[in-house]
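Labels run A, B and C following the written order; every chain starts at residue 1.
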Amino acid sequence: MSFKPRATLPETAFTLPAKYYVDASVLDRELELFYRRMWVGVGRLEEIPVRGAYVTRAIAGDSVIVLRADSDDVRAFYNVCRHRGTQLCGEAAGRLNGAIQCPYHAWTYDYQGRLIGAPHMDGSPGFRKEDFPLNQVRAGVWDGHVFVCLSTSGPSLAEHLDGLPAKFAPWRMGDLTVAHRIVYDVRANWKLIVQNYNECLHCPTLHPSLNKLSHYLSGENEPLRPTYMGGRMDLSDGIATMSMDGTCPRDPLPGLAAADRRRVYYYSVFPNFLFAPHPDYVLVHTLWPDAPDRTRIVCEWLVHPDERAKASFDLSDAIAFWDMTNRQDWHVCEQAQAGISSRGYRPGPYSNREDLLYAFDRFVVETLGDC
Amino acid sequence: MSFKPRATLPETAFTLPAKYYVDASVLDRELELFYRRMWVGVGRLEEIPVRGAYVTRAIAGDSVIVLRADSDDVRAFYNVCRHRGTQLCGEAAGRLNGAIQCPYHAWTYDYQGRLIGAPHMDGSPGFRKEDFPLNQVRAGVWDGHVFVCLSTSGPSLAEHLDGLPAKFAPWRMGDLTVAHRIVYDVRANWKLIVQNYNECLHCPTLHPSLNKLSHYLSGENEPLRPTYMGGRMDLSDGIATMSMDGTCPRDPLPGLAAADRRRVYYYSVFPNFLFAPHPDYVLVHTLWPDAPDRTRIVCEWLVHPDERAKASFDLSDAIAFWDMTNRQDWHVCEQAQAGISSRGYRPGPYSNREDLLYAFDRFVVETLGDC
Amino acid sequence: MSFKPRATLPETAFTLPAKYYVDASVLDRELELFYRRMWVGVGRLEEIPVRGAYVTRAIAGDSVIVLRADSDDVRAFYNVCRHRGTQLCGEAAGRLNGAIQCPYHAWTYDYQGRLIGAPHMDGSPGFRKEDFPLNQVRAGVWDGHVFVCLSTSGPSLAEHLDGLPAKFAPWRMGDLTVAHRIVYDVRANWKLIVQNYNECLHCPTLHPSLNKLSHYLSGENEPLRPTYMGGRMDLSDGIATMSMDGTCPRDPLPGLAAADRRRVYYYSVFPNFLFAPHPDYVLVHTLWPDAPDRTRIVCEWLVHPDERAKASFDLSDAIAFWDMTNRQDWHVCEQAQAGISSRGYRPGPYSNREDLLYAFDRFVVETLGDC
């Protein structure tokens, strides 16, 4: 267990005013500037395993089709027909049969989004199919994680991820597979979830079990980057991974250095992708704001397929541990939301161990500007 | 099966901007200009068969009492006491016993809406019963269909209906009776329902069964009138009516010309009354907007009482057919609502076979003005 | 049964415009000027019987901790930690163990609200515990009734209650105990509940049973006071209390004068505390607005502990009577809300027997000012 002194925060390092957590206008602006202009994590490539497979995702309220257009080509389109605006794919997932056809009047698009069929439009003066392709947005993949960016301009996915692909290459996340998924509906602002994720000062009070596995004063944070933040914690002596009893019935991920077999990393890629590489699995949370005080959280446990293929494979200890810890966190985030929504709330002082939160708040305020 | 070429729409014939389907302020304006100033269909005269019988209807959010004040006198009043504003009739339907009495302090009105009892108001200086009649609105009946207009000025019901009573007199709708009623709760804007009703370009894709009974290219539309629009379709050879198998176990309506026994008419009287005379029955839909994205739809099947009185009477084929078709339509209208609500929506081009929709859109835009 | 002529109301004594009952902005202003600046009844002292016992109450949307800080010291605090705003007490009631500790990062406060523990804040420049006490509001007790005032300035509880403690001292309400409680969720504006409570002109129509026990023309009203209003009604000959059959299987409260054993008082302390001393019990309603058209009502029956201790104790007649009468009232208040919300509503004339309502309306309008 190592202890590193943190930089001292200024006297003015206080939490944000309540409006950042309760005002619908602030959330609208966040959806615009974070969820529509940045790259958001939308799931795993294995969910669209073959050509024609698709999932739909509601990003900032708008349904998007994420389509395996070809073996090495993932594309994303607004789920909207160019004829009369009908939603093209009504299901959460499915497999297309060579084309995207609107269920209303049979306008038909190929996998590149080009309009290839439009019944009875022949007699319309000036009508040209090439003027009505699907409204395409950007899609990209990093080690099996699929990202979508609704903005057609701005940084590439590689630029957004910056140093992360190199740093976490040893975990070979592209090889991993989702062994379990839980979806939570949390009555708290999405930023409270991010903040909760990025400090462990609350661990002794809220997570006594977790605190035994990795002490809250262990580890080290990286300074805030423009698009992500994170740090690591060290497993306590005799602890093999984050699980109910600290033992690990699974092999560590292949290729990990010895040091990384003793650590857990917690990183938040803005705005919605939180991932935590463990010695033997990777935990991923994606955050989906539904309202200023409501966030849907998808939590996935990723494991190596070789491990999963074993007859003895059992992830229940890690699932139980994080489900318990998740629920403790969501509950206290809901209490924070309730308190911050009160007229009795006043911004309060951060401690030096909440340095990432203060940095995140600065990032939020600077990105949003006046609001 | 006849095919008539349609007029060619201009290059600018595109669907409306999203705001017309999603903005609460647009719906408010529509409720004001369509539902409060025009005549709305509220049901059948047979629902208030005797003196004192009444139904209540929520028109644009306001409860209205529709009362059989006398055998040939239908009246409508806001369902509000003039004393302290209490709703007078709490039930959806009922029969009064000679007067309308408020359940709170017993203010009492006659069937003409005159205040005839007001306990303990004697001592109030200047109080005169004649100053506090019920707030009356206009009511009228066309061939058994009851209409109400919340505005006390503007065109009469006869003016609103224009050529319809003469055109559809042969169906003698005043003689018919409601044999079945289904109420649907649809997550779509009321105008999407009207538009869906007034084109059959979607029939081959969405309604393969319907398309076998009457081909989508058959029939003819009337040009848009100031207060209604509609057209007819022709039954295919060997098809007797719109039913699951196209056969008809019922006699045609008495008095119908041979040509009309081979046709189905689909007419929309703005804003909320859609009726479809068939050879042997009449289908009526009334539309009740609850929100920009939500409409309650009452669907009724009207038949001749002589037919209904037969021991062999069976309407299940026609009910099953239209319930199936309705649900297909409501579902695709909900998909249209979802897509139009997306930031990915762009107005798209109408085909010439969607001529009534384009005309209806022009009417809506011109009526609403800037909004 | 006595009959006293009322003062004659002016010709202009009409009910309020609809906005006072339907506009969210009016309710916001009422919450600000009535519920946040005045003393609101929050329950009985017996609910926090020992040091450390607390209840939480949502006043105008904000959770407040009402704490028995010591045997003769009741305190109230906003339920918000001064660190990151977390709600401190998540339960509706409980008992603390010597301090108030935040569940998130363990900031700890004593029963006077002073911050006595703040982990890891030592290194924060300029941080002083004394700068971060809990946000305290005023609390007070009158004869066992606990009141809270969110405003730290303004009249004291004694000033707010004015002549009531002296007038109702004979009922010794401090000795009484809650024998029954029912919570109602009513779809009506809180002021409609107050108005319904303060006139009996509706009794012959709505409450025929009540009207037999105490005639609606009996009794007398006090003129409106700045912070309360009320009056009394007389029990009819042969009637012992308000119960299903008018008999009373309980002794009258000790110390009551003979005249008060023949009367029921109905008083409304603004904004939310309605109490009705009966010969043998006291009925208390507290009103909690949730929306312009929705109010939660807590109704409690208070009895003397000596009576309650008897083997023969039975309050079911009084509970059944008032539960029935409550439901009649809530239903007609909901009908009033529905009617007033209609565009067909027009303010109507008050009778002289509704004098307190007119006075209350004047008080409301004058307090709210332009809105």
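Heads up, the rule we're going with is that a contact is a pair of C-beta atoms (placed from the backbone, for glycine too) under 8 Å apart; a residue touches a chain by one contact, two chains touch by 3 or more.
Nothing here was measured: the structure is a model prediction, and the numbers come from that model.
Participant: By that same contact rule, can you tell me which chains touch chain A and chain B alike?
Facilitator: For chain A paired with chain B, the chains in contact with each are C, in label order.
Participant: Answer with same or different: of all residue numbers used at the interface between chain A and chain C, are over half used by both copies?
Facilitator: Chain A vs chain C: different; shared/all numbers falls short of half.
Participant: Determine the centre-to-centre distance between chain A and chain C, using the mean Cα coordinates as centres, and give it in whole Å.
Facilitator: Here the centre of chain C sits 47 Å away from the centre of chain A.
Participant: At least two partner chains per residue is the criterion; list those residues in chain A.
Facilitator: Residues of chain A never touch two or more of the other chains.
Participant: In the complex of these two chains, what residues of chain C are touching chain A?
Facilitator: So the residues of chain C in touch with chain A come to 36, 60-64, 77-88, 90, 102-106, 119-121, 123-127, 132, 135, 150.
Participant: Please output the residues of chain A touching chain C within their complex, sorted ascending.
Facilitator: 8-11, 13, 15, 18, 201-202, 204-206, 332, 335-336, 338-353
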